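Chain nomenclature is as follows: A, B, C, D and E, assigned in order of appearance, with residue numbering initiated at 1 for each chain independently.
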């Protein structure tokens, strides 16, 4: 908690709102770790002190609830007098935090929240660098589908959350453009034990591919039960989130083999520092970070970079500095641009990855692939 | 025409008949007593009249209108009030509030209802306790509160279920005095009581029932002398 | 007694009007606004639950409908979400009516569970229907940013809710509600159509819950089904707010809301990862040691201290 | 030409039948995974007559115990289940004895404050789990986790099948315990008339403690059965509270046979709902069924089973 | 055997017993009389520990049991057949009887005692697998008494056993009570059927409004003017 009501002269406060308790706390804490790790590295490099003022991170817990997120924002801005905000994990909380920041004219750099809307409202104080709009998670995937897979039919299953819905909407639109027939298209409520009724029905429609947007554990339940049903499709692609995480492989076991997913980051990307980040994180916290960690790590770098460049350490100064960002992070180059109705939205780099022999390999874009893609995937019986 | 008439009423609880083909009438201004052994169906008759239980068969008429199909809360509206054998005070309301709830049936005005309640509380000799929560009253007063609350709804027919039970002779006499005063104000009363002395002294007619059926009905002396009543209710030794 | 009440209300009102003069910090004012919202919902719930004894586990439905009304007006008709303050409560009331007809056929825990199920049904519907934008929720841009403005609107809503419940409670309806809570059979025998009166209590309760929901939407500017129709974070927290302060008391829900919001925020800001744990422990302790809430327990204590031993007729028994 | 359409029609018919069969089989198995959790709840609700919202949290505790047994001591989850049951039993006893029984004795305006107490307990248990285990998702991978057998083209998960038999076994055992042993009869007697049980020399407040303990142990067992196929995180219990209520009301409070039959009916309804309506609406099926049963069959299935 | 001294008891704020004192000696049949609501049931419930808000002394076989919890009192051999029967309606007749013999002493002889009870009430043997809730009132009353006997009590407390029974059954029940008493079981009885009970009991106490106002031999009281007036309606 902050005790000073006035901004102290010798610190630049950065407020970071994350779900540190509640059901999203796994990722909130991972991001907090990554923020702190990046901060310490940058501090060691002498970058956290600007003109005699040092950067101070203030973390606030939003418990994954949106009214608490609002309170946390109010507290950081009005009581702790932070110079800028960052964090915001779930889209719901991000909506609220970004809206509040916008109305209080405080720059905010969104770390993870990926609902399309957030950077589509023309909010000039809201920046999104390391997170793609949910419907753009699949840029690389579509390249690959167009060039390699050329599916005629596809099935979409997605969790009934903001992220799931946005992803499905994006996929549906792209499929329509290409004349791909959507043979199954339904949401499900996260946390189900038994997906077999749904999967059996998908199986009956016999799609060329399945596009599935799932949270961590639903993802492993879906592939495990697909295997149990002996439901073979040429490719099952996850729409980010669940299908790329270490826990996915752990829980899905053999059923994870050859499952593909689009993602924003993998440890094997070629951007400088990515591998070091991964290794150092594992060393420090004894756990593999996923793209959420990378987002937080990269975000910290963007913040420090912007603060260092800012002419004035007030809201407009920082806003201007952010706007002028051109920085290559472990998430790739970051540049806040206005495009396709988005404002202050960095263009995302997305990848398609595939589990091969228990390892997550990048299979698309061609330029950065770490292994050739396997397609069509063998039937369950033959894997 | 009688004020009240029950025609062949039957009530079964899962096969067992608690009230079995009972018919009787109540004339305006009279006090009808009902006696019968425990479990003979007296309270059930009250519950049937006040529509707390639906009839299995039969008809109930009040002021020439059939009332056995109306919802329970309308019975009171039509002018039939009752008390409960197992008293049901509104525990966390004061005595006055308890009675006020009853008085609200005939008025929407808070002032009028309160005024009426004060009168009735006085009438029943409860004014000393009017600001006490009902849960702190002893049984004798709770029973009197039952009467007061029912009176507040301005019934034409009042059903009293064992209002003297559990009262000592003096309290009992006070209760009887109140009942008589009620009768004198023109109300018709059906009363259930186990204490024969009370019943004999107060009733115009007595209905004796057993196993839900009528044994006999008539003047108190006749009923008390009826051999079957003696056998089933008063006890052989009593004869 | 009456004068004392009036005096207290006047003082409270003047104090409330002066709050923005005393609390200038927007963060503190924000907390106060949240308290106003929760106090409104709590007061509305209290009418049905505290006075009428009908414990609803599904008030999130009315809250959510209020919030969504404001959001959808803005989304579809592109009119100010402030119109939600009109539509929200009306929509909530209209929905409450059939809900009442269904659920009031049940008593006690069965009623509670049926309401719980209905709340969940609304959550699932709003998650899956596309008119409400499903799980995506609705985001609006607030036109006004001044906290003081929201404060006065929130205060007005709470004042209206308090006034309405106060009026209802101190009228025939209030007497009838309490009598239904105390003994439904006795109430019936006194000519009270219990279902009708339960619905009469439910409607304003839903109305003001919906109003609070609409205001909440205007203030927080975002709603999604997971949040608005949340069983634990809305439906149950409403009950907690009322129980903390004191069910069936005028000021209980307001005091409960203040405790809930302030402690929740203080814990969150100071206790780190253990904040919900400490809050949970506090809930257990308060319920176990103050089963009638803070006001309820204090008045009980006060009464015990004041009351003479025994009742005035006690001497009669001793003389027998 | 004619022939081929006929063939495809027959094939289509077969496909539809398999889909239906798969839904029903999945539903029955799914229901049996709910059964033990609901069995615990019906026991607690039947005897104590309270709405216990901490039930799911106890399921969660049981799952963590099994998880720890597996990872620390390499104990198979079906054995770890017994450790979980013991821990949950003790936990349940403590909750009933030192919290709920204390509250039952005080007078309050709204008796539902007991429900709030169980919510407090739920928060506390969940957050303690979070402090110890973080919010991480955890799971147990066993050799049989993904094993399946196929019967007439319908896939049947082996761990769910095991769960099915264990659920039936526990239900039968509980049924025998309640009907054949003195302790079991004392539990039923206490449920039916607490004071009357005291007249018979039954220490009924101790019985409520034991009952809460057994109910909790069953909940933990139900959670352990899920572990090989499902996963675990501190809030996992909330998934099961609503389902247990539905099953308890469906089967009739306190009825063991009602609980298992109710669980299977709910599982099947959810499964058919997911197949033929939408996976997103599957929980709606259960909730609507719940309200209908509350309104039209207040005694639950029990009223049929007893005849 | 049982000595009650200065017993007071209340329900919440309502005191219903005031300084009750009486005693029951070994082998006796003692009756408590009183109008409805006089507090008879409350006395019995206080003895058997159901009513907990109480003060005073209850001595059984020389030890004070007033502070014991209810279930321990039953294990001392005081068995209470409560007013309104209080059977376990969803358990069978046989299970209800078994519930009566939970204590070790009685459990050891469960089989024999059940046979004796069935001899006493043959109708129960016939209906042993039926749920108690479906029995007629009279049968339920027999079951309640039978369940009490299953515990092989030292002191049998019966609260209005003839309640709701047809006159013929009332006669039978009284005969059985007399029988039980003659077999050596001490009985404390509460009854509305004043004339009958007074004529068969050893001694009786008369209660009014929670106080003992009179005590004496059965026959003696039967001729008492107050009793005649208040309870026999003569």
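Things to note:
We take it that contacts are C-beta pairs under 8 Å (C-beta built on N, C-alpha and C of every residue); 3 or more make two chains touch, one makes a residue touch a chain.
Since we're looking at a predicted model, the values are computed, not measured.
Interface comparison, B-C against A-D: more C-beta pairs in contact at A-D. The chain with its Cα centre farthest from the Cα centre of chain C is E.
Most remote chain with respect to chain D, judged by CA-atom centres, is B. Centre-to-centre separation between chain C and chain E, using Cα means, comes to 50 Å.
For the pair chain A and chain B, the distance between C-alpha centroids works out to 74 Å. Mean C-alpha positions place chain A and chain C at a centre distance of 38 Å.
For the pair chain D and chain E, the distance between mean C-alpha positions equals 43 Å.
Among all residues of chain A, those that touch two or more other chains are 21-22, 160, 187, 189. In chain B, the residues that reach two or more other chains under the touch definition are 92, 136-138, 168. Across the assembly, chain D contributes 107, 109, 127, 130, 278, 280, 283 as residues in contact with two or more other chains. On the side of chain D, the complex with chain E involves touching residues 107, 179, 182, 185-186, 188-189, 192-193, 195-204, 206, 306. Per the touch definition, chain C reaches chain B in the complex via residues 170-172, 175-176, 178-179, 182-183, 185-194, 311-313, 317, 320. Interface of chain A with chain C (complex): residues 1, 5, 20-22, 60-61, 63, 65-68, 70-72, 74-75, 77-79, 91-92, 95-96, 99-100, 102-104, 115, 117, 121, 160-162, 164-166, 187, 189. On the side of chain E, the complex with chain D involves touching residues 12, 48-50, 69-72, 74-75, 79-82, 86-91, 95, 98-100, 102-103, 107, 131, 147, 151.
Chain contact summary for the complex, chain D toward chain C: residues 49-51, 53, 99, 102-103, 106-110, 112-113, 115-117, 119-124, 126-128, 130-131, 238, 242, 245-246, 249, 278, 280-281, 283-284, 287-288, 290-291, 294-295, 298.
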